[in-house]
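You will see chain A twice below: alongside chain B first, and alongside chain C after that.
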Partner chain A sequence: MKTGMLKISPGFEDIMPEEYRELVDNGPYGKNYGIGDLGSFKELLEEHPLCAGCGLALSLRLTLASLPMPEETVIVGSTGCSALAFPQVALHNIHSLFGNQNAVATGVKRALKLRFPDKEKDVVVIAGDGATADIGLDMVMQSWLRRENITTIMLDNEAYANTGGQESGMSMPGTVLNMAPTGKKFPKLSLPEIAHTSGCDYVAAVSPAKPKQLAKAVRRAILVARKIGPTYVQIFSPCPTNYKLNPKETVSVIRQREKDGLYQTKEFISEEAQAFLNTVEEKK
Partner chain B sequence: MRDSTYKVAAGPEGYLPPAAAVMGVELPDPGQAIMEGECVDQDTAMKAIASKLVSAENPVFFPGPLILWDWKPGVAEKAAALKDLAEAVGAKMIPMPDYRPKYPMINPAIEVNPNHPNLTIVHNKIDVCLFIGVHCHYANIALKIIRGGTDCYTIAVCAEAGHEEAMISLRDAGICELQRLRELVIELKGGMSR
Partner chain C sequence: MYLSARVDKEKCIGCRLCITSCPEPNVFKFLPEEKLVEVNDSRCKACGLCTTVCPKDALKIS
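Moving on to the complex of A and B:
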């Protein structure tokens, strides 16, 4: 994004909707804000149409607040609940065909490298578990194997949530949903391990129940993707609508799952990525 | 093949009107403009635009991102010329700051979006609208939707090759063309008031 894109043409300030004036005056662009600053700036996602208590909405909010350079970030999304929120997100974002997100992100990243060879441009895929682990797994894994400099973030709500509730590869075994009445017969896919063995230099499994850990993982993943290689962050984001949870209990459900040993936070870092992160984090 | 009977006229033409290009409407050559599907010289089109704007009950300008955001040298000057023109016409401006569909949040009273420009037009009872600074592909979508679902007369002041979906479209239009339009409007208003 050009810096000038954030300046309203003189004389047009009064006709611009308030939302845009706030983004110009008090948005996060070029400010290096983090989740600790939430509440003090105009956020990139507000008034989204997702369900009450949606874990994905909470994860997305924290993820967007953790971007190291939102003004230089392009998000590539895919079909799913998050696609309903992205029209409200004040960032460059591309909606790709279901499952194609990592292929599209590859093209975007390569084009940006050619067009702006001296500038850092972060390409971040944010998609659901259906797009990442099922329909788009081919594109996702091939981008890892090709060592593309992109970050893949999966918002894992363990279901196809806006099509009536079907099981996904990320649903737990035995899961019964509206459109999966007999219960899931297969285990949850271990995508962090697959990402690790596919060559991702940074892999993390986090949740919005630990916002600081989530923010750190997102930042680390984006920084490593810039300089070293592909990265993957999996964010557990329970779906109150399909799992019939009380919307106010989304975070406590995550904590209970962790306590029961049914969900684990994880982090895999390659040696090269660790050395790089040490230098970056020492500078702080 | 060109269908000489097809006119790009104020609608409503109905749900999913054909694209004007498919019906044989071609973009104008440099120095020319397009008026209801026919190529005319630029001066004729400018006079027609001024006349439409002056005689409109509720003319509204839809400035797009290319003119709303001061993103490169020359934009602020063009924006000032547009503002002068709007003041001369007495037209309201409703911005199109970006192209996010923003479901379900669009407020048609204060903004226009290429995905549902008809809402803004119907809500504000706009009879003539002028597009400027809207990226070509989005402008064409919006102009086609307006033609399909409303009776609003559309004008596009384009800095590139023009828009066959608009009822009148200039091409290669910059500050000079905006200033000339302003002069024509003032002249026409003076003439009408005498």
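Moving on to the complex of A and C:
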């Protein structure tokens, strides 16, 4: 997407909404902003309908702010809470069927490669834990096994939060939710390890409690996916509504879980990806 | 009058931790000259996440 495409004919400028004009004047396209610059530019996300204190909204906001080239990025989403925020994102985005997101992203990436052979186009999948780990695990794993150059980002809120609170494969054992009254009986799926053994070149598990680490992981994942192979980032983002937390506790819950050893940040980098990242990060 | 985060301008040191802990976009604006943050109260949902990360207790929900 060229920045010029956003601009509206001069005659209509005064009737466009204020948010739109801010995006044209002060948007992040083509400027290489990171999360350190948040607060000084107009963000890609606009007022969304997600709950107050939503960890997923925070993760999504930080993820969008750390994209290396927002103007050349296409995001593919799937059903879930994150899909509610997608219409408010000022990027090309596609909403796919529940669980189909990586198959759709594969097609998009291949088509973009044919259409723009000399341009870098990033295809980033942003979906919830239900779409990635439960319903769409088939499509997600197949895309890793085929070594498609796409980044998969999972916003892990440990439940099907959008439909009233059912347990998902990513919930902790013993979790009791509105629609899971007997408690979960089996352990949390460790998708980072699965991604690592399925051939992902860069795998990370991060949380919004450490925004800089999150931004670094997202940036690295996208850079590796451009040149080398599939990448996966898992972002732990607690849900205050279904887990009955006070909205202001979202970040402290992550810190508490980390202290108790129930959540760990992880990073797996293949040798090839490490060599590539060394050359890219040296240039800076 | 809706609830919103308010900044105590005397206590704020401009560390910008609140900006990266807010789930709502474009709520906090950083003023580089005064080294302060400003809240856009029409976009704030008053969740209070910023008050828990502020090291100087400069933010309050009211």
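By our rule, the second predicted complex is superposed on the first by the 283 of 284 C-alpha atoms of A that agree within 3 Å, B and C clash if a C-alpha of one lies under 4 Å from a C-alpha of the other, contacts with A are read in each partner's own complex, and residues count from 1 in each chain.
Rule of thumb we're sticking to: a residue touches a chain if its C-beta (ideal position, glycine included) is under 8 Å from a C-beta of that chain, and two chains touch if they have at least 3 such contacts.
Note that the structure is a prediction, hence the values are computed from the model and not measured.
> With both structures lined up on chain A, is it a clash or a fit for chain B and chain C?
Partners fit side by side after overlay.
> If we overlay the two complexes on their shared chain A, which of chain B and chain C does A:Pro211 touch? Say first, second, both or neither.
second
> Have a look and say if chain B or chain C is in touch with more residues of chain A.
C
> Scan A:Gly164 for contacts with chain B and chain C and give back first, second, both or neither.
neither
> For A:Glu47, is the partner it touches chain B (first), chain C (second), both, or none of the two (neither)?
both
> Touching A:Met16, do we find chain B (first), chain C (second), both, or neither?
Touch status of A:Met16: first partner only.
> In the superposed arrangement, which partner chain does A:Gly30 touch: chain B (first), chain C (second), both, or neither?
neither
> So, does A:Lys248 touch the first partner chain B, the second partner chain C, both, or neither?
In the superposed model, A:Lys248 contacts chain C only, not chain B.
> By the touch definition at the top of the document, which applies to A:Pro173: first (chain B), second (chain C), both, or neither?
neither
> Could you read off the angle at the CA centre of chain A, spanning the centres of chain B and chain C, to the nearest 10°?
Apex at chain A; the opening toward chain B and chain C is 90 degrees.
> Which value in Å is the smallest Cα separation between chain B and chain C when the structures are fitted on chain A?
Minimum C-alpha separation, chain B to chain C, in the superposed model is 12 Å.
> Following superposition on chain A, which residues of chain A contact chain B and also contact chain C?
Residues common to the chain A contacts of chain C and of chain B are 47, listed in rising order.
> Going by the contact rule set out above, which residues of chain B touch chain A in the complex?
Answer in residue numbers: 63, 67-72, 75-76, 79-80, 83, 93-95, 97, 100-105, 107, 110-111.
> Where on chain A does chain C make contact in their complex?
Where chain A meets chain C, its residues are 35, 38-40, 42-48, 50, 52-55, 57-58, 61-62, 208, 211, 240, 246-252.
> Residues of chain A touching chain B in their complex?
Residue positions touching the partner: 2, 4-12, 15-17, 20, 47, 49, 84, 87-90.
> Which of the residues in chain C end up touching chain A in this complex?
16, 19-26, 28-30, 32, 37, 43, 45-49, 51-53
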